[in-house]
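Here is the structure we will look at.
The chains carry the letters A, B and C, assigned in the order they are written, with residues numbered from 1 in each.
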């Protein structure tokens, strides 16, 4: 295998007595779409939080692009090419959709100080931001305040913000959470369009989405990664079926 | 071509401010110039606080500390100028001065430095702890000046004269008024510009969702600290002007009630609006005047009014007005 | 040595008073998430009512017995009329609105009782001194304050940790919606907690009567240190409030008693009255800054 873009090793994190992650490890190659599945409480969000830098692991290692980033502060990670979206939609409600994305571009450009220009007239920020909005299909909604956008649109906006930071790896925590069938399908199509361009670490409950998007899948249970493989391998894995999918293939929670 | 109402209101306000000394002279209301100067100085303090409170969402309950520190810097320098004693002899000799060009920037620098220290510690916390620790630092400085017997302690310190400012005579009420007005206009212009620049947008983003901003890659603490320092310096300048206006400083400049007043001015006017603090200062002062004409116990009315304003006019007066006016734009 | 003992006792006594205020503040903060600057006003109102009632009846105890329920009623009225509408608001709104309440109460008290300070006589059977060690007298009234404060601390601890009401309070503190779902009447609970807090504040106010002056604005002189206590202790924690109150009470008292002397010994008498006095009055704020640098969430951070 080529040098992985992201490799996690022995990540452990507990909240008091609850061990949310218990020695989890996995590797993602450049451009790979990697899904993490597992029942509620398996530790998926905690894992993403540690990779994004919001949570500090109790032990274990995170290596990104050949660099140890285990203890790197959150705000220094996007510059390396690591971007995340939140499970609970997290946009800036008072700002317009375009303003939201322009903030992401501004973060990527670095340096808030020194410039006295009206940032809303600044083509260096607006043009790339608009391009990202168009890419997620929100071009026509650019001037709408984010709080007015429909839930599905806000999720799309999240994705545009993630793209605006020109990531090499995107962390997506349940990008289709709370969406209807139609919105969900649109989001999956958008993500499919990103395949090969950026690597993805995707947490998702919708199995159809997972099998449509992921090149490889890791299964988490009780804070551990119990299996990793191609979708076909995961489908066939007896342990996974028993532990998670359920013998009869019932819908996971 | 018609002028949009929003602009028209601003221009009318500006015209009134420019004509005020003349009007006051004609009408024989000379004291009005002094009152207007005082209102403008309070507005400047509000503009400074609004930077972090309205645009940055940082609730400082201790900004009187910078107000007082700026005032005391001017007063102490003037005191040393009068006595001829050096303020410090080490590492080099620093004497007193009454030159505005030296004393006022120095007041700002002192406040910026204090804000850097206070901010660096306070911004480690958030929410209620931030409110309380800014209050605590202000109390700390309050008691410091109370026990500073050299400079009057509890009784405060009188200035022999207002600062000297080149060709201007600051003892002339109109000249002092126009200088203060110019400073306030400059501060408004800077706020208007700056709130739309990258720095201002980043600050507003932090106000609305700091966690998201950090995830986007913003060094949020540094941005907040920078805003806190600028804010402290502006409020310090307001203090320096107030020391000149009253020609007297005392620890009450740093009292927590003063911090509350500046807070009330900003909120009454309209959080995070450029002109809100000016409106807030006018309203605050007019309320105080009108109510205290009516009863010596004006606070008994003002207190509940403040409660009602918080409950029912959250956007502040300028916030509401700007909304109304924009609808006709 | 004896002087130190006396000052430590004074410090503990101040700590007890601070605790009575801080307990109410921290409960209201932890449970309702409400910053109530007007808490000091209840302390003041308690002291004034007790002063008047003691004068009419000639009895300190009767004054106390009248002041406590009266202050609780005032507190409940304030909660129902104003504060209830502030629970869902942000801290800024709460600070500003309760700042308005302070202005109102200070002025109201000045109007009703006049601008002059009042004094409450301690009951005659507590006005003497007790020999705490052979040859070391200490005012009996201050000892009584200590005793009452410790009893209240014990009572609160028992109330919150051991009783059904306390369980309800804790459920409310950790999760408002869940408490609501459990069928707990949140509105009544809040009013109850508020009345309790008001009563504790008033108790402190009454006990302050014979020691400090009863005057408009007395609430804020103790409110701000009480907030320092809450922040040092960790917001929402009764245990933290007790620890913080003792720390702040002792730091303040010992600082005022000994810092000028210590500084004077090193830097001369001029420095003693200047720097020494300044440092002493700043001591508790320096303490708070130090604690927050070391532990930004206070000594006993509540969970969550």
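Details
Just so it is clear, a residue touches a chain if its C-beta (ideal position, glycine included) is under 8 Å from a C-beta of that chain, and two chains touch if they have at least 3 such contacts.
Quick caveat: nothing in here was measured; it's all calculated off a predicted structure.
The leading chain pair by number of C-beta pairs in contact is B-C. Each chain's centre was taken as the mean of its CA atoms, and the one lying most distant from chain B is A.
For the pair chain A and chain C, the distance between mean C-alpha positions equals 48 Å. One finds 32 Å separating the Cα centroids of chain B and chain C. Annotation: 44 Å between the Cα-based centres of chain A and chain B.
Only residues 52, 54, 74-79, 83-84, 86, 90-95, 99, 102-104, 106-108, 110-113, 115-120, 122, 125, 161, 165 of chain A touch chain B when the two sit together in their complex. Residues 53, 59, 61, 121, 124-125, 127-129, 131-133, 135-137, 139-140, 143-144, 146-150, 256, 260, 263-264, 267, 297-300, 302-307, 310-311, 314 of chain B are the ones that touch chain C when the two sit in their complex. On chain C, the positions that touch chain B within their shared complex are 29, 35, 82, 85-86, 89, 91-93, 95-97, 99-108, 110-111, 220, 224, 227-228, 230-231, 235, 273-274, 277-278, 281-282, 285-286, 288-289, 292-293, 296-298. Taken in their complex, chain B has these residues touching chain A: 193-194, 196-202, 204-205, 208-209, 211-220, 223, 226.
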